[in-house]
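After this come two complexes, each holding subunit A, first together with subunit B and then together with subunit C.
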Partner chain A sequence: MKVTRRDLLIGSAGAVAGLALTPVPWKLLNDVSIWTQNFPWIPQPAYGPVETKYSACTLCESGCGIRVRMAEKFPVGVAGVRSHPLTKGALCPLAFAAHQLNWHPRRLREVRHAGRAASWAEAQAAFQKACGEGPIAIVDGRPGRAVSSVFEAFTRKHNGSYQAVLSAESQALAPYADWSGVPVASLGYDLENARTIVSFGAPVLDGWGTPGRFTQLWSERAAGAADPQLRLIQIEPSLSRSAARAWRWVRVREGIEAQLAAGLARVLLEERLVTQPGPMPRLSLAEAAAQTGLAPEAIRDLSHTMMENRPVVVIAADGNPAIAALNVLLGAVATPGGIVRKRGEVQPHVPDDPVPESIRAMLVDSTVPWEFAAQANAEVFRFAAWDGGGDRAGWLLPAPGFLEELTDVPTSPTSALPTYAVAQNLVALPIGVQSAAQFLVKIDPTMPAVEKVIHARCGEIFRSRQGSVYGEHPIAATKVDSAQHLEEQLRKGAVWMGEPPSPGKFRCELKEWPMENRVAPATSWATAWVPPVFPALATKLYQESNLREPPAERRG
Partner chain B sequence: MSARYGFVIDLDRCTGCGACMMACAAENNVPPAPARATPRTGLTPMLVRKVSNGIEGTARREAFIPIACMHCGNETPCVGVCPQQAVEVDKATGIVMQMPQRCLGCRYCMTACPYHARYFNWWDPAWPVGMEKSLNPGVAVRMRGVVEKCNLCPARLHSAKEKAAAAGKKEIDPADYLPACAEACPTGAILFGNLADKNDPVFSAAHSSDAFRLLARLGTEPKVYYQSKQAWVKALAERDSDRATEAQHA
Partner chain C sequence: MTGRRNLLIFGIGMGLAIVTGWTAFPRALYVRREQPLEFHHKTHSEKSGLTQCDSCHVLGSDGEFGGIPGLVTCAGCHAEKVGTSKSEATLVDGYIKPSRETPWLVYSRQPANVWFSHAIHTRRAGLACKDCHGTMGESDQPRIYEQNRISGYSRDIWGHSISRLGRAPHDGMTMSDCEDCHRRRNVEVGCLGCHK
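Up next is the complex of A and B:
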């Protein structure tokens, strides 16, 4: 049989048509689809049982309750805890990708000295030598933790000073502490009972204080209402996130907070809008108006509006004493809905050690903001989980990252109720990484271990028999069997919360009106605490959308 | 009984924090952006847009609109144009499912979508070394060259179904299925539920006088509703998304 060209073409066409009727091409297409999804360079998620753990977030001092999904011993997801009494399930945007931070390209995994690789033994020897040669200082970014006790004990024994770097929220409470003698850590805002909140540039709806606490309060009592139950007045030069959502936005010139506070105080006193007398500001209303860029009538109107819906409390973005004085004048100190003193004796103690003029060495904890500038002549031992860039320290010491360290979480600075939580080390500590406390204990083995301090604090809380423990189900502290049981609950992610404050426990007296003006630090991020690095997924916020400004490039 | 899952988003409660975007990306293994990615080429299945009333000065007002796939219930535009049948409306849930395994990357669906809620995967998904250990085990990573969008966290739905099946139930417990964005919202602005269930809070919220849908005139019956008491915010609902973007950049 002769096969012609025509036969060949017919046969080929028939074969193609016939093949289409068989499952072969479809199977091939399916296989190719699956194959393309399994290219070796496409990352594959881990397989294995997923378990859920509860803990407290340690990214900042708010200590929000977190639910962590773990697979193959690694965290694969972070979410809020709805039963948490303070945060009620809310977290800041960064926390949702915090579990990725431990693999950040700028993660520190080796000791560096003057930009070159070094060893822990060398760092230890250098610090020991410095301790013997002159005064040292230890700088703590979150005072009141168990590790803070280790720092304090070390500095006392080794002729050093303990220094705390306070957050913007804590700094805003510092004037009340100066005037009343009550420690900053014992003060807080009773926002739940306030009906008007006047924010002088504080990002109250953008991460201020504990994310979730005020935003939820605002959401329930103010959002969208023309005459809300809770009035938020935002005083700010630009239309920030908080100003955009506020009941009223008062646009002022930048850096005139003290002048506006003085103008408001003058109206409150002259028109007898406040019951208690106070020192009259030196600035006249006309002068205040000229400096703030507002009309005198606008300042007068704002004063009246503040007093319409009481209790009213004023929140400053920093430690501006003039704004704090306004709260004293308004009677918003030591009263419900204002600045209150937390109840209980378990408050963290912040020592006020004098700073020596000359320091031989300075140990900076990883909780201290990266931008912190150490004393120029001191040899700096900087603990950090991530390298924020620039030449910040002589010694750069790799510290534990997210959920890699057992630590306790004392009360958030703005909270009116004392809280205590424990963040368990859910992830194994990488080789070559250690915390500042471990470093100090190696130098001086008589120092207390963090575990022991946490254990002692749980004992104190248990013996106080106050408050409740919020775990799977909230229970009164009086119903907890033992201190050990309490500690177990806290290590599993529960949080202890003390009793509500009782009013009138302290007094603030003003002899003269403070006129010091301090410009609020400009921040373009959700929290005043700026992390040395951002989670990789933060690109969603500032690069793949226009939602937020990109983080500023670091110097150096 | 078939469900119609959807959102009711209260725009008066949205502070534009971006927690929903971050939670969505982490839950669904959406990769971080390469250095050259822009808002036009990024992957944001949940995107919060900032809009304003266009007035300058103290009368200026701004709002934030979280935009995800609208899961259109009528003449779903992306379904009809897909040559690969890579988009299907699940009759049991009403979810418009994007199947990257079938997607050719032709991007007809992106053109057809009136809400610009679909994103093309321009780059190989990549995380810094070691970070793949932090990926959600319940979600496969999508390859370069396919279109992505919000599928209402299918891994969570599957998990809820598995839980119901293990308990011998046919229907899932509504409390077991909550997309990551709704769970993450710190103000409770994103309400999720079954729009076909009259007892579900989203049903009454979707039928309130303040509720509206974006580009309702197109008749695509989106299953994402919005709420606002602000007239200027409601007026934006009928503007096309390009003009909304103009407002965003204003």
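Up next is the complex of A and C:
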């Protein structure tokens, strides 16, 4: 029998039809789809022994307790720590996925100068030259850390200026610091004892302060209750997440916070709802009503509601002095449930260094938000772990990413208690990456090492014999054998927490009612900038995730 | 006559494809690899009295699963050679003495984008180890590890039956298997329940 071309085609057609009756096409489709998920260029953590490490998160200044799951010395998962005294197991969505950040496509891994690849030696030579030619400035995004001491020491020795960029939460406390002389870092909110919280646009349920602290309070004392123990009044133009969940949402026009505060103060003073004497705002109730878009009765009603359930504290979204003045009037300063002063010595956050008129070079630490742009005509040495886009610096220097650097975590800005934690470098530093402190120590080897500063601070805490250490089992600081033992505990993820604040330790006096919507002209170009509450890198994850739901609601 | 001939040729082509697809394809799809050592679960349970899986595959009080025991556990008994087998010599000389972890080929290894909590499944749901791992704990010789040439996963993930018809409940660890089991037990889990 002769096999023709036609026979081959018919046989092939039969084979194709037959294949459809076998697992070949379906299994191949399945396997190929899996293969596409595992392209060789997608970074995969090494497979190996799994261990759990405890540390403090360094993504922002809140310093939440984190439990890191490590596989073959690589972090593969991050979760909260339930026993942490401040965060109680809560984390922001960004922290839950923080172990992925080191693999982010925008991770910086090489020195760049004017958009071109350069070397560390060139950067060091350029900075050294700048130090010799004129005054330099070092900008720190999280003052009070051990590395901040290195920055301060360097600027002192090299005739420079140390400057700090304050977070929105710290800026909101700045007016009280101005009026009382107490440093911003020593102030905090005693939210646990408050019964009414009036938020002027502060995203209290949406990333404000330490994640978990207020959401936990809110879920325990307010969520779902018609007459809750803790009343949250949110004053905001739009229905934000905080506004949607608040006990009462007061819708106002954009940017009229100072006018509303003045209107409320006028009602409080005229109707003698407060015992504290205070300067009368110049704005009348009718004027305040006209400017805010609220009826005079609504402002009056809001004033009465605020006073119904005391202690009441007002929280501003930024350093608006008119809102801060409302707290002074309400007697919410230096009292339980209000603005309190932390016990013990706290590193001051606002440095006294004057800003030189002309700066030759400026070193910007990686903790300073990417959006920060100093108003100075200087050569910029910008440390960053991730490239935020745009041309922002002459020198772009790759800094350590998440868990790649040993650092300490001082007290979170909104906390009423002093805390101290140490974030260990759980991951080896990638080649070609170094921190600003390492950079400065290479230029001037007489600078103190971060390890030594941390060691000294642990010694100070040990000698104070105050507070407790929250590790595997919380123990009083008096029961810790030695400073070395304390440091070991902190390096293993424990957190030291000081004593609760004692009321009545400071005083704010108002000579006249402040009317500016923002902080009075800033003393430095660094503090004039208002940073965003949430990093832009997290936006997508933040919008798509439900992880930020408070614990009580997740259980329900 | 021509029509019948064409039908025959079509049938032959079809038959050949079916036979090849069901017999040769599964063999060609998987590459067979041997474990680095001959480990006998049965011998270990009989001789050392370690009858419970969690004697070696430790599940910590905090829910952390230890997985395959590390070299330290093996060295507890095998610091020196116990017996004269080739595997014993490899274990002691090749891994324990130079402190090199044994590169076991894990039959049930899941992709990196999945996390699985043994604690939740055994402690909360009350599943037995064999519900997913079958009779692995009673094996008296190591099975050949079959690795999918395309996906790189173990054959145990898809299951030994290429058609997945008539397979035992523990034969297969795909996402569909997890979903089926959850559906049967009326346990709902979202994407982030398993996927990182």
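We adopt the following convention: the second predicted complex is superposed on the first by the 464 of 556 C-alpha atoms of A that agree within 3 Å, B and C clash if a C-alpha of one lies under 4 Å from a C-alpha of the other, contacts with A are read in each partner's own complex, and residues count from 1 in each chain.
Rule of thumb we're sticking to: a residue touches a chain if its C-beta (ideal position, glycine included) is under 8 Å from a C-beta of that chain, and two chains touch if they have at least 3 such contacts.
None of the values given here were measured: they were computed from a predicted structure.
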Inset, instruction - Considering only the touch criterion stated at the top, classify A:239 as touching first (subunit B), second (subunit C), both, or neither. - result: first
Inset, instruction - Classify the contacts of A:34 with the two partner chains as first (subunit B alone), second (subunit C alone), both, or neither. - result: both
Inset, instruction - Could you figure out whether subunit B or subunit C reaches more residues of subunit A? - result: B
Inset, instruction - Would you sort A:24 into first (subunit B), second (subunit C), both or neither based on which partner it touches? - result: second
Inset, instruction - Identify the partner contact of A:50: answer first if only subunit B is touched, second if only subunit C is, both if each is, neither if none is. - result: both
Inset, instruction - Could you say whether A:16 touches subunit B, subunit C, both of them, or neither, answering first, second, both or neither? - result: second
Legend entry - Touched partner set for A:128, first subunit B, second subunit C, both or neither: neither
Inset, instruction - Scan A:211 for contacts with subunit B and subunit C and give back first, second, both or neither. - result: first
Inset, instruction - Pick one for A:309: touches subunit B only (first), subunit C only (second), both, or neither. - result: neither
Inset, instruction - Quick one: classify A:78 as touching subunit B (first), subunit C (second), both or neither. - result: first
Legend entry - Doubly contacted subunit A residues - partners subunit C and subunit B: 34, 37, 44-45, 47-48, 50, 76-77, 547
Legend entry - subunit A-touching residues of subunit C, taken from the complex the two chains share: 6, 9-18, 20-22, 25-26, 29, 62, 64-67, 70, 101, 109, 111-113, 115, 148, 150-153, 158, 162-163, 192, 196
Legend entry - Parts of subunit A lying in touch with subunit C, wherever the complex brings them together: 7, 10-19, 21-24, 27-28, 30-32, 34-35, 37-38, 44-45, 47-50, 52, 76-77, 547
Inset, instruction - Sort out for me which residues of subunit A touch subunit B in the complex. - result: 33-34, 36-37, 39, 41-48, 50, 69, 71-72, 74-80, 89-94, 96-97, 99-100, 102-105, 205-207, 211-212, 215-216, 218-219, 223-226, 239, 241-242, 244-245, 249, 251, 526, 535-541, 543-548
Inset, instruction - State the interface residues of subunit B toward subunit A in the complex, per the touch definition above. - result: 10, 12-13, 15-19, 21-23, 25-27, 29-30, 32-33, 37-39, 42-44, 47-50, 57-58, 60-64, 100-102, 124-143, 180, 183-184, 186-189, 228-230, 248-249
